[in-house]
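Here is the structure we will look at.
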Amino acid sequence: MKINFILFFFIIVSVASHAQNRTLNVCAQDCEFSSIQTAVDQAKPGDSIFIKKGIYKEHDIFIDQKSIHLYGEKGSIVDIDHKGYGFKVEASDFSITNLSIKNVEVSYTSDYAAIYLFKCFDFKLKNITLEKAFFGFLIEKSKDGVVEQNDISGTGQSEASSGNAIHLWNSKEMTIRDNEVYDMRDGIYIEFGGDNVFENNYSHDNMRYGLHFMFSDDNRYSYNTFQNNSAGVAVMFSKRIEMNHNVFKKNWGTASYGLLLKEINDGKIYNNTFENNTIGITADGSTRMVYRENDFINNGYAVKFVGGSYQNDFSRNNFLYNNFDLSYSGGLNNNSFDTNYWSDYTGYDLDKDGYGDVPYRPVKLFSYLVNQTPESIILLRSLFIDIINFSEKVTPVFTPENLVDYQPLMHEVQW
Amino acid sequence: MLKILKYSFFDLVRSRWSYVYFLFYLLLSSVLLFLNNDLSKAIITLLNVVIILVPLIGTIFGVMYYYDSQEFTELLMAQPITRKSIFLGQFLGVATSLSLSVLLGLGIPFVLYGLFQSNVIFDFLILIVVAVFLSFIFSALAFNIALSNTNKIKGFGYAILVWLLLAVIYDGAFLMALMYFQEYPLDQFSLLATLFNPIDLSRILILLKLDISALLGYTGAIFSAFFGTVWGSFVSVGVLVLWVVFPLWRMLHTVNKKDF
Amino acid sequence: MVEFKDIHKKFGKNEVLSGINLKIQKGKTTAILGPNGSGKTTLIKILLGMNHANSGEILVNNTSIRNNWSYRKNMDYLPQIANFPGNIKVKEIIAMMKDLRQQTARDKELTAYFELKPYLNTNLSHLSGGYKQKVNLVLSLMFDSPFIILDEPTSGLDPLSLIKLKELLKKEQEQGKTILITSHIMSFVEEISDHISFILDGKVYFDGSIGELKSTTGKANFEYAIANLLKTNHA
């Protein structure tokens, strides 16, 4: 009897609380609410707010400690009209989906965003279209969120008047996937964050980086495409980053590159494609990195080592038709380049074991000279350069003696 | 002069050399275009060939033509025409027939390929303009060399030497200078050094038009900033024109004083 | 007609002509003779403006040829070596010369005379040396100029053509043309010329008619007379 009563009580409570979960409708005329902010204020935790088609001129909509779910009809637009933030949220277990937000205020002192999250947990931002965003999503001190299928674009005018599409600060265990971000400063930016996953995003035509890591360890990004950004991805001061199955292409310009590694170590880079970038990878002080089964196709430089980098291991990569496969300064530093495929390799394989019998030297004399005297690049494609490259290939004098692939592959690696 | 030009042009256009030269370019650009399918790449490869081969063939061919037609030139000199018109006519005959071989050899495949629908037409035009300039410059140099050397072997030797000097040795010295003075700002110097050599100037003019110019980095940006302006284009065309005019002036000067 | 006044010419240190004074008389055929390297061709080249004299003056019809080219309208010149642009046809080179000089020409008559008609459409590079010389003759004689300069006209000609050339030149003489020739074939010179100028070491050693030459040297044979000139002056 007593047990039955308790059971009955639970059923009553759960039914009652369920019954309390309402959907509040917002629309321009003839609804309960004509303002999103009022609906939010009136909503109880667990309620949903349905925003009907129409343009809502509102800004700084504040969701304070309330687990609610906002969703829009097709054609529901929040126009911030350059007056600050769109939404400001400090809550857990909430979601915002199917909405358009536009005209975020541009400021040189405040980071105005379409949606600003602070200390949020277990949330979802999905299918949101942002136009003329200054910052898109600005997410701080948050955890366990999903940001997916959003379309974020800025005005693409100048780096100073643009923010980042998805900006994570001090946030953990987030999943950022299937987003398209373009015409912003950085496509995706992450600072002081760990255990985040970036998957299948398309970041293009951004003025700075497609994806940018600062001081963020143990993150992974996979299956993304970074195209025509000023630089594809920059990974700086971060450890144990895993990078796989990404495409870096057409990041082309005087100071452009596909991937910049600066002061990072113990990362893994595999199955990526670097195509038509001025520089495929610039490695500046990166150590104990593993490069495996990547394709470097048609880049100006495939890989450029700038500062002291140690114990990097390149194997089973394809270097195809790059102007320079490798630019290198300093000593070998325990970096190894064995068992790669180089399209410039002209050796032979008499014992038919799949490895060329003559070692390959990936550093051309010219790329060495350019490292010493950058101005000498102006002799690119001069007959004299071809001649000295050839003579260096036959009898190396200047290039690091043991910077050699002792087992160059005879056939392209299929991966 | 026009009459001399007409006949030496007819003579040259019918020669086996012209056909070989024309067919070579025709074959090369056809192969590059139809096997590679990438206009921009094809232009880069053609650039490499053009800046080496056009000067080489221009000098050799110019010297050869001069020595070959020496006796006929004497016959012409006994006619009531000025020396100036004889040599200017012969020079223009050589230069235009060489230019025509390059123009048609490169041009026909590009037109067939559908160049006019493509936005690389300007890159291609620059390549052609540069090739024509180089033909004129190096045949003018060749005439100078031949005029100053009665000994054919010496003449051919000097022709090869001049080509080597401008195509290879100059760049070697340029590179050495860059390495030696690497502590100093070198942008102005490299700009100037490039302007002085028609082969280097041609190479840079084309490179700057192509995607590959991004590789030139900071130095390339300075070059673009210079050559991209009206003043820069004016200067570079001016320098190329000077490279034709100065040897021609010297040629006419020598011709008037020389005993044949 | 033509007057050489104190012509000096040096090639480097080598003095080729050292004061040539000579008058070519109008309506006569003058042969310039001398051993190899005596300066015959140089003298002709100076007359034609191909070489510049170091000093001295040449008058053609009493006008100096310095900085002048139009006087060559009245001259026909047959060069010693016949070499033409290879890829041009015989008729084209004839047309070219006519084009250059814009003067009436008797090219048809001469090509028929030298039996060149079948070769009019042949490229010059395909002609034998003898035929090239025939083309050379046509080119230089076709303008019917009053002054003709022939530098070794007989080289490469077969005997039949040589006879034809002689007959042609005799006709020209009858028309009162002035002719200047150099040749190594003494019989040809004797048969054709009225006047002999003998040049040695850059100077004129003899200038007079064939009769005068024979009487001065005391030899009845022309060839011996020339040889005698050489001997006495070298001794």
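Here the chain labels run A, B and C in written order, and each chain numbers its own residues starting at 1.
Rule of thumb we're sticking to: a residue touches a chain if its C-beta (ideal position, glycine included) is under 8 Å from a C-beta of that chain, and two chains touch if they have at least 3 such contacts.
Please read all numbers here as calculations on a predicted model, not as lab measurements.
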Chain separated most widely from subunit B, comparing mean CA positions: A
Most central chain, judged by mean C-alpha position against the global CA mean: B
Mean-CA-position distance for subunit C and subunit B (Å): 42
Interchain centroid distance [CA atoms averaged], subunit A/subunit B, Å: 48
Distance from the mean Cα position of subunit C to that of subunit A, given in whole angstrom: 90
Of all residues in subunit A, those that touch subunit B in their complex: 252-256, 278, 300-301, 323, 369, 372-385, 387
Residue ranges of subunit C touching subunit B (in the complex, touch as defined): 11, 45, 48-52, 69-73, 75, 77, 79, 81-88, 92, 96-97, 99-101, 139, 149
Complex contact set, residues of subunit B against subunit C: 3-4, 7-8, 10-12, 14-15, 68-72, 74-82, 257, 259-260
Touching residues on subunit B, where the partner in the complex is subunit A: 44, 47-48, 51-52, 167-169, 171-172, 174-175, 178-179, 182, 186-187, 190, 194, 200, 203-204, 207, 211-212, 214-221, 223
